[in-house]
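Look for chain A in each of the two complexes below; its partner is chain B in the first and chain C in the second.
Now for the complex of A and B:
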């Protein structure tokens, strides 16, 4: 596009066109004369929206969660019970907060499940993403690299409910039939490796959740890592090759150190996404509330998945206490995610302002 | 280190990178192929023309509902996100030491992008659906979805504007254009492909979301009504999420059909977004010559 084509030939925009109705013309010329102010006013209002939305989100969650937090106490973070209590009328009060008799909530199993499944996801996703990014930037070129890059971007955009459907119907049963039994059988029977042994279940559980999460965060980490690798200048790499270094040595000693901080930042961004992922995990985890998974294959739950699966049954609680407890759970998740995201951005900023994608890699 | 060991390490590394690439790209094909393979054998075209009846029937209500939601998100989040991005890139000005201002606003946008969608959905439910007595409603769903995608659009717009050459702004100023007029006709026009790209991606995200809609939009088996309040609305992710583990084949087929339609819709949007960027890049190369 060239400038001459876009600007009106008369240059001066005010009164460039003879208007038939004078009052309309005056309004138009006024608007044009003050167009800058209109842009600033509208832009300032719009730029404030995320700040206001963020503040309102925090306020609403805290306001709903506070009574539950007072009743549940700090105990909430370490206890392993999820009992709504008697929902047939018997209501009691603790510190002035109404709740059903026998209500007792502890979130440790879902907190542990969130951390474990995200840890598995990161352990799988980081090396795979780095390897794929290497293959894309250093090995392949031309149209094939373009096609594969697009495929990764598309994976980032596939709705999580579809990945969950595939995980629950295809991947989970496949792993439970053909992969988990092999691992469980061949793992040496040492106390340290107990976690990998035992019953393998039917494909819903910790390991499947971790693998599905890995699949969902790979696009984020891989596309950021690929951008980073592409920014490494060619001269040091060529120097390394001239000294007789192999590809592996060039990658390990020159390329990786160059972008290490950026990769750590990308991995932490991926971790944040894994911690907050809801629907896909709810479909493949087994949605357990009361127990920490006994081994790698056991059914479990995560905070985000619990929010979406329990809200329906929480309506049954006439005192609204279970809904408040879910809000408290949401506060825990949001606070953890804010810390993780902030850490990621600080790392990325330190790495020299490398532009990491906001959320998905698309 | 012996040269033999070095060679083996190098070979292992090469194999690993290619295997990693396969591990990344393979699942894309597997997921897409899996959805197609489950949906096609039982596909009926009446799915597109009839509404849901219990856990069987068609998906017309869900398709129209998703399109209505997308249009609403485009109107609300599109306006807010583009204006916000324009402000951050062009109008916030520079503060002391020549640093761009608006740091707090930009940080808030990034933090908001990190809040999980289920938390936003829960807030929408607690505040809009219950406290404001809106009930499951179109407006509650639109506001939650918009808050969710505004950061993407604002970020995309800001990035697109920052890539417009400074010479364009200087040229416009030298021609005596008023600032606002130059912004609209010269700077923004050059950034249109980048902005459209971020809008299309935002539409793909909002079309594929489930968690924030379950407790704000509810679910409705009739075609969407022209009402903002007290009227739930259907959407394509609901049948997948709800019907996939129902104990009936009809329900399963409906879930697979919904997944296929959703996948096609989202892929079309993502490919369109890609094409817009590719075309603009071709333009950019021509321009530089």
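Now for the complex of A and C:
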């Protein structure tokens, strides 16, 4: 194959002048001729990296978790016990898997806690974020927008441990003293609203976790949504204005639908973060392992927080069974995340039906 | 018209008598059909002959003069073409007529625009209703992110002119009017972004017509369309008079000649010449006009 037209003798086709370093030249010309294939191969390899990383994580986790899953059974998903058993005492075997006598695990409280706290977070964060993004791009001008944008960026960069500390020391007590009692007192005493009534605790629990999580995901959703709003072309909005729509109608009927699919995506990004957030929740949740919070203010735990708070004591279990159980819990979290992601994709597909994808249309 | 809210019954009835099939026009000696239609729209003869008029209008953005002291009237029921080289202030002038520039930072104006004898900036003037009466079609099609049907009735909904099943009637009527009905009747629920550019622009016209405007501002409505769509749009525009008063900004001098009765030539923010289209193109009074229409400036 003589792709560059270079004669095999190393003589340049232009004239009698011999080419310098003919081998290098030849390699280079071959590389140029096949550049396209290099790009494709390189791109494929790069695309595979995250996939392989995900697969490896899952395999290692599943490998670790499998013996525990066999012993704990499906019961693990619905039971509300977290008993390591006598970790210094006798060891017994179930299906050939060694574990301390009396070990019994059920993750329902932390699964419920994860879902509940993230639900609270997303319910608070989505409207606030959309409002903030909307104000930034459509309503506020000049320095005020700059201040708000900077605040959001700074909030996004605050380490979660600091937000957790603030939540535990300041926000939690404040809410428990001044806010929760008001809600609990004024909520009508209907069976459907019983969840909002009852003892309000001392600031560690479900509501505080949800609010702290909301604070952490607002910057994510708001900055993504702000970018989306900024991409909506001016022409359709002007069209609405020229038709005699109010600003609100233009926002509601044109700007928002234009980026609806993207907003759902941003919310899912935030939700995934909330489901997996660890340390801040560990600091404000009360870290309860075996009870589902009786009301909005009760102490609880989440999967991620449980992993970090229980790991240390899990190593005490000489059979390694508790560590394996934590791995199983981690698998549950990953599955929850995958389910949420899939559900979100379905929503996006439906929501994106008529609305224009960003960048098309006018 | 059962689907018209009382608030607009007057308005739409009047429009309908002229646009719809029920126009009774009896020709007489010395009176054109146009005269008769205009008379039918305004039986008492109380409306000014000019639907909309600029009076000594000057416009600037941040101390930069865009339009200087333009006084011009747009006769009711006619098409006026607004021509001039890029940057002469055509679009700024046009957008001012339904107050689209009001909120642009640095925008300032002197002089006035009167619609049916009343200033468009008069405190009694309701901005939303003003925009309903003075509609606008843009350079490029700008469908909203909603179904084809919802696009047509978007303004009708916003102004509470009709609701529920009546919206379907409005949608069909307006899509028929712009000649789009047969093409889209089986996919009214689909996205408008899959239509061709020309169809999208017709849809935008249907949307603008649906709220029953009196004046329609057209900012180079065919500049992004192919010749066949352009011809369709031009034909449609001609069919809208004399029920509506049209002001058509265009770079296409042929289009100005084909569609308009009057033409105004703006050059460097000044109204250089204004008159019947034929006169302006064939016997321009001003040397700049002559240069522009013969292609020597522009």
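Rule of thumb we're sticking to: the second predicted complex is superposed on the first by the 278 of 362 C-alpha atoms of A that agree within 3 Å, B and C clash if a C-alpha of one lies under 4 Å from a C-alpha of the other, contacts with A are read in each partner's own complex, and residues count from 1 in each chain.
Everything that follows uses one rule, which is that contacts are C-beta pairs under 8 Å (C-beta built on N, C-alpha and C of every residue); 3 or more make two chains touch, one makes a residue touch a chain.
Since this is a predicted model, take the numbers as computed values, not measurements.
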Note to self: Looking at A:169, would you say it contacts chain B, chain C, both, or neither? Reply first, second, both or neither.
What the structure shows: first
Margin query: Quick check for you: in the superposed arrangement, does A:74 touch first (chain B), second (chain C), both or neither?
Written below: neither
Notebook entry, point to check: Touching A:235 in the superposition: chain B (first), chain C (second), both, neither?
Noted result: second
Check: Which partner does A:243 reach: the first (chain B), the second (chain C), both, or neither?
Finding: second
Notebook entry, point to check: After lining up the shared chain so the two structures overlap, which partner does A:272 touch, if you call chain B first and chain C second: first, second, both or neither?
Noted result: first
Next item on the list: With both structures superposed, pick whichever of chain B and chain C touches the larger number of chain A residues.
Entry: B
Check: Looking at the overlay, what does A:192 touch: chain B (first), chain C (second), both, or neither?
Finding: neither
Notebook entry, point to check: Regarding the shared-chain residue A:254, is it in contact with chain B (first), chain C (second), both, or neither?
Noted result: second
Next item on the list: Please identify the positions on chain A that touch both chain B and chain C, taking each partner from its own complex.
Entry: 246, 249, 355, 360, 362
Next item on the list: Under the touch definition given earlier, write down the residues of chain B that touch chain A in their complex.
Entry: 6-7, 9-10, 12-14, 16-21, 23-25, 27-32, 34-35, 38, 79-84, 86-88, 90-92, 102, 104-105, 108-123, 125-127, 147, 150-152, 154-155, 159, 168, 171-172, 175-181, 183-186, 189-190, 201, 204-205, 207-211, 214-215, 237, 240-241, 244-245, 255, 259, 262-263, 266-267, 269-271, 273-274, 283, 287
Note to self: Give the list of chain C residues in touch with chain A in this complex.
What the structure shows: 98, 100, 127-132, 135-136, 138, 140-147, 154-155, 158-159, 189-191, 193, 204, 207-208, 211
Note to self: Considering only the defined contacts, which chain A positions touch chain C in the complex?
What the structure shows: 233, 235-236, 238-246, 249, 253-254, 257-258, 260, 353-356, 360-362
Checklist line | chain A - residues contacting chain B, complex | finding: 1, 3, 6-7, 11-13, 32-40, 42-51, 53-54, 56-57, 60-61, 64, 127-132, 134-136, 138-139, 148, 150-155, 157-166, 168-170, 215, 218-219, 222, 246-249, 251, 272, 275-279, 283, 304, 307-308, 311, 323, 326-327, 330, 333-334, 337-338, 340-342, 345, 355, 358-360, 362
